[in-house]
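Two complexes, one shared chain (subunit A), two partners (subunit B, subunit C).
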Partner chain A sequence: METHQLFKKNETYNGLYAMLLVNRLQMLYFFLIMPSILINPYMIWVLIAVGILSQLNLLLLSKWLLTRLSSNGYNGFVQLFGEKLVRFLSFIGLFFILLKLSVITLGFSEIIQTFMFPSTDTNFLVFFIFLFCCYVASKGVEHTIRFVLISFFCTFWMITFFVFFFFPPIAQLSDLYPLIPMDWKVENWKAFFLILSSYSGPEFLVFLGPWLKTNNKTFRYLSYGNALTVVEYVFLFIASLLYFGSNYLSKSKYPIINMARYFQNPVFERIDMVMLSFELFNLVFAVSLFLLLFYGASKIAFGKMSKPSSGKGLLFSVFLIFIGMVLVNELFWKSWEKQNFLLNLQIIAGSISYFLVPLIIVLVMKKKGVKKHAST
Partner chain B sequence: MEKKQIESKLVTQSIAESELSIEALKKILVQMDDAEFVEIDISDIRKIHLVYIRTLIDQEKLNESIIKPLTSCSKPSIQDCIVNSSIIPIPTFIEAKKQLFSGSILLFDSSQNLWLAVPLKNPIGRAIESSETETILFGAKDSFSEQVEQNITLIRRRLPIHELKAEKFTVGSLSETSVVLMYIEGLTNPDFVSTVKEKISEINFDLFFDSSQVAAFLEEHQNSIFPQFQQTDRPDVVTYSLELGKITLLVDNTPFALVAPITFFHLFQSPEDYINRWVVASFLRIIRYVSFILSVTLIPFYVALTTHHYQMIPIQTLLVLVDSRSKLPFTPFWEAFIMLIFIEIIKEASLRMPTKTGQTLGVIGGIVIGQAAVEAGFASNVLIVMVGISTIASFLIPNYLMTKANSLIQLMLLIFSSLLGIIGIALGIIAILAHLNSLSSIKQPYFSPVSPFFRKDWIDLFIRGPLVKMMERPEHLKPLKLKRYKTRR
Partner chain C sequence: MRLHKKIFKRLILLFMTFWLSGCAHFTKNNLIEEISPITFLSISKGDKGKLKISTILPPLSKEKKIVMSQEVSLLKEGVQKYNLNFYQEIKSGQMRMLVISEELGKDGIMSIINVLLTDPDISLRIYLVIVKGNFEEYLESQLDKDENFDYSFYRMLKHYEEKNQGELTVVNLHEFKNLLYTPYSDPFLPVFKIQEDGVSYEGTALFQDDKLVETISSLDDRIFQLINNDHYLEVLPIPKFEVVLGHVRSKIIVDIDSSYSTMTYTVNIDTRIEEYRGEKQLFDPKELENMKKNIETHLEKQTHELVKKMQELKVDPLQLGVQTKRPFSKPMEEKKWIEMFEKMDIKIKYIINIDSLTDANSKRQNL
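Take a look at the complex of A and B:
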């Protein structure tokens, strides 16, 4: 493990990377379970509305990314908040990252177990996923950000398979009614926050400022990424509505994957297994990035910034996360009721972090009179 | 031990510092049967001493260019007598030694106390032949030989421009191997040139007999299975690479030039790509990529399906597979592992065996490994077919070093597939892609133009676009001149 390279900054990445980072960080575990919680066709409008709200968050995010402080990384945050507060916020951030990591990894491991390895323990799958994520993360932030391109090219095409659900005999327009809500149920609020939480992820870009080449087009690229996510969410939701119908949608825990089980060709009967394997590219990318962020945040929280980053340190934090995740798996995830609690917790945590992180940063920026510097 | 080392150091130092004389040369050339000391009497009072290594010089030329002119010449100066060869004055003992062992004849005019060297290198070596490692149907047939000067000629004939620079370096304390760095000034990014020069200057090793050894000292990722320098013996490939903005290293005594920076995708490009029509060339290139993917994943996929995912196989195929595997004593992993190791043994043996015994290998490989293994119940018919396809597919990659890496990737994926089925294969591929993504060739990303992304360079990536549309050089090579055409005034 080339330890000195973990947080090195040799090159910066342009808007395309920012766009893909936004898109791929929004296409994690939640989009696979989303239709079974949204259920009603009129939630299409909520998907779009929250997408627009997400756009506002990205606007705030781009304001931060355009400042000189953001490209200074840790020192920029210290200038903005002061060292003590940065350490405290990093400590809080560790729990947010751990929660997100737990939900996306355990959720995906459970899917693999359900559809591919019914007799395999999910801890074993988590171990292997972490092993490979650790390898990707050991290449450093720079290469992990670059890995988003590979992750995108290996996963984005899968959505095109679902176009078959838009044609008769599966597709019937009546499945998309009612498009206007007649009443607003309490469960719809959960669906609303789930959508908001699903759009979360790009707030972690605030920590990637040193590696992003920002200019006046940055917001445009972030918007493209977000818009692509909106299209993907709406597309998959409509496809699942057309396939299951809103009455039956809530009965399927993983509607998207259940739909994919019907794809066949003369060589393979279960294309969904191949698709799940490809989806791993996105999971490994996101988990690797979060592992690096966790390691970086733990260094700040425990006041170890003066010491150089090391492979051993990363390995140790990965080990801690793995132990934590096994505990979460045994104590929460394996029991359905407690899993629901954990999911709700992540829905709230994701919504809060996506809503508050850019907002607080911009408010403090305004208060301290920090201005954007990029003009090209 | 230390005392001995100091003594030998002192002896070497004293020889290096000793004054240039016949006696001093005799001292270092002692016990060398091919060392010659010849005296030519020009007149009663004037003698010319010739010192040379017989095996290193062209003896026919010695007579023609030196001995005859000297004996028949009445002029006082040697330089005036020898007119057909270049003459280098020798100021020091070290320089004399260097010239002597590089195939020069040392001349000592005792009357003037003057030392001179005349290069008369033995031209022994292969003629220009066609390449055996990168064969093509159409296009130029010539290939490099072991003589670096000849190799430079082959390149210069294709690029007759003054911007084509050839800088010479010497590496290897014992072999004193010449390494020639070639690049097009004003086109190749100067960072590449300076990086390579810096790395060459840092080389500290005694013997180099192949360019791959030089590459080992220049590569940034020693533990990777992927080559970071392209080795080629084709002058047309080198010329095309230079034209794109790459650098080339020619190493004396080896026909393989080193080209850098390269990307993973360059290893899939063949010189014929630029000779065939673009649609055909693109199709063939895609076939090459597909073959690579097949060669590394087909057998792991077989193991994954037969071990973990029977439900993925259509019922008709499943019946064939079950029938084929019903009498086998091994698990799919061991069955595939044993077959792959056998194939590797056959591949390696076919390289080492003389051509005439190659047929025997074909028969043994084909009958014993194929038919007999199935009849004996060691392998299934289906696996034999898959091994055959993947082995043939692996040979479609034009770069031989990449073909070697193929086998290791295949074995790695095989292990992962036996553990975690297609999830294991996916994780293995992720690891390979992450590794490729982090590699570099003379500090340039190895996985560009995919990551980092260069949109315009995709015209010559998975397909080979029409030449008339490829009016710009690849951006990821950062050439100083991006456009390939002259701008009209």
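Take a look at the complex of A and C:
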């Protein structure tokens, strides 16, 4: 049998891939529940403002990607932080990845259970999702990154359907009033962090440096991806405001999917099911990427970098994650309050990781005097 | 080695098709011969606070259909009772209509609406209808004459919903829910009356929150279609002046003063005279102008009475309260709005634009 080269690097991907990576990693799960937490029409401005903040983050990120160190992968990080610190940081990173994986996979399988297979146990759904992810991940990082193209074209068209809500009789301009906040409640902070966390995801690009072809256009492409996300978020949020009105919005758990249920088509009666199935492509892409990152990070954390990466190792780590996820599902996700706790945790963790990872890296870079394309 | 790979790939493909078809042991059994996807449910008041729900079974196969009624205290309990009493399993995925009796509507239908909203199988597009009279009895009597009564009833509603045909009120679950849950608005539903020979459209039921408080019919209902629901009417007969207006289109301009004490409700109407049986010479521009003025005052009076009625009942199906929302100020509380609405002086103004008669008038002078 040929040896699996999960992390080998044959070719690099250009800016288009970077753009799609940013965009798809930001459109994972939170955007499906976001309107029911944002609620108020003036949150449109917050969405845009945080989008601009996210742009700054991407600027820092692109600074890192432009250095030689980033394209060296593990060795680059070791040069930057020193080996012990890298091992420690990747150990912490494992929890972040695990949390993110759990939230997006369990969240999604719960949606599938609610709308498609009401009598199926979510653990089964997680199992099947993982089966597909395992297949994609076993092809290696290169092919997984390439998979973003498929995931993008399978999911992006859906948003065009929501244009339907922008026309009368559903659309009434008064549903968007008031446009400015009259009082700022505590819940709005939660909404703010949710938005910040929804924009998170591109920080994982930090570790994909070796596979990305970087030049001075990189930042531009990253910005395009981010801008696309901002447009999508605002578009969906306004659509949901027009459809539900801000008073009912908080009562609907999955507003976007409930809106999709309102579409009608003489051929397919339940377009929402078709859409949900296609949305799985995006999930499979993200989960496979995170699985690979998890495997890589665990290798670093436990000091096994000298051993070649193998399919068996990946399978083992996937198995561990699966067990962990079933446990999380049983212990946290199935009861509503604990699920909320987990969601809040991910909201905070996502915000922190997105905010801190590029910042710290750039600060350390400054301290060590690493320059663009400087060979170290 | 290659062979192995090929076989492996094919197996994966096979597995995927298997999974995609939904052929898994842990999903629901939806064999078409074994289920009955009901098309409608009729709910009325039973004894001692119970609900009486009935439907036609089996909805699909060409067997003799029967009307099945159950008295239950909970809506979903009814579905379970059907299952226990009928050889096929009831599925609600194809439900198209919910028929609610008038008495039940007067008690409030919030709980029923919430049941429908919670079930992801039930489409948000199902039509809600209020029925006056005993619907179950009517169904029983119809089974022999018209087997597909439920289907034709659904087609009728669908016909008038699409493109706002402008004859009758048609409201689906989503619209009802939105009007129910948003402040400054109250829902409304169509009312059908059971007569000996059929079901006929009676008018529109106005709700205060989830309780039916008033049914408006005949000219009031026509006006309601014109100013709120469809903004279009195929024909608007005004027997008082022996005239029929056709293809009536309306545009509404609502003006509210800053103290929220008076509201001017202007209705612009574009129409043409389709029939006239009176004595006036409508070719004469003056006479036409007179007629126009007369119709305007008549409609203004009628609409004013209708709005007055709404004010007295504290219902706002016209969503007038929405006019108080401003982009840069805090929306007022619903209670405050209702208090204001009650006292508000609402001025109705009609501006009618009539195309004159195009064909010969039967009573032309020089003939």
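Methods note: the second predicted complex is superposed on the first by the 370 of 376 C-alpha atoms of A that agree within 3 Å, B and C clash if a C-alpha of one lies under 4 Å from a C-alpha of the other, contacts with A are read in each partner's own complex, and residues count from 1 in each chain.
By our rule, contacts are C-beta pairs under 8 Å (C-beta built on N, C-alpha and C of every residue); 3 or more make two chains touch, one makes a residue touch a chain.
These figures come from a predicted structure and were not determined experimentally.
S.K.: If we overlay the two complexes on their shared chain A, which of subunit B and subunit C does A:Q172 touch? Say first, second, both or neither.
M.R.: second
S.K.: Please work out whether A:W184 is in contact with subunit B alone, subunit C alone, both, or neither, and reply first, second, both or neither.
M.R.: Touch status of A:W184: no partner.
S.K.: Considering only the touch criterion stated at the top, classify A:Y135 as touching first (subunit B), second (subunit C), both, or neither.
M.R.: both
S.K.: After the superposition on A, what does A:F319 contact: first (subunit B), second (subunit C), both or neither?
M.R.: Once the two structures are laid over each other on A, A:F319 reaches no partner at all.
S.K.: Just to be sure I read the superposition right, which of the two partners does A:N258 touch: subunit B = first, subunit C = second, or both, or neither?
M.R.: second
S.K.: Quick check for you: in the superposed arrangement, does A:G245 touch first (subunit B), second (subunit C), both or neither?
M.R.: Only subunit C is touched by A:G245; subunit B is not.
S.K.: Check the residue A:D121 against both partner chains and state whether it touches subunit B (first), subunit C (second), both, or neither.
M.R.: second
S.K.: On the A-aligned overlay, A:F302 touches which partner chain: subunit B = first, subunit C = second, or both, or neither?
M.R.: After superposition on chain A, A:F302 lies in contact with neither partner.
S.K.: If I apply the document's touch criterion, which positions on subunit A are contacted by subunit B in one structure and by subunit C in the other?
M.R.: Shared contact residues on subunit A: 117, 128, 135, 269.
S.K.: Quick check: in the complex, which residue numbers of subunit B touch subunit A?
M.R.: So the residues of subunit B in touch with subunit A come to 308-309, 311-314, 317, 419-427, 430-431, 433-434, 437-438, 445, 447, 450-453.
S.K.: Sort out for me which residues of subunit A touch subunit B in the complex.
M.R.: 11, 13, 16, 112, 116-117, 125, 128-129, 132, 135-136, 139-140, 143, 146-147, 149-150, 153, 266-270, 273-274, 276-278, 280-281, 284
S.K.: Under the definition above, what is the set of subunit C residues touching subunit A in their complex?
M.R.: 12, 19, 24, 26-28, 120-121, 123-125, 164, 174, 177-178, 181-183, 322-323, 325-331
S.K.: With touch defined as at the start, can you tell me which subunit A residues reach subunit C in the complex?
M.R.: Going by the criterion above, the answer is residues 114-115, 117-121, 124, 128, 135, 169, 172, 174, 176-180, 182-183, 244-245, 247-248, 251, 258, 261-262, 264, 269.
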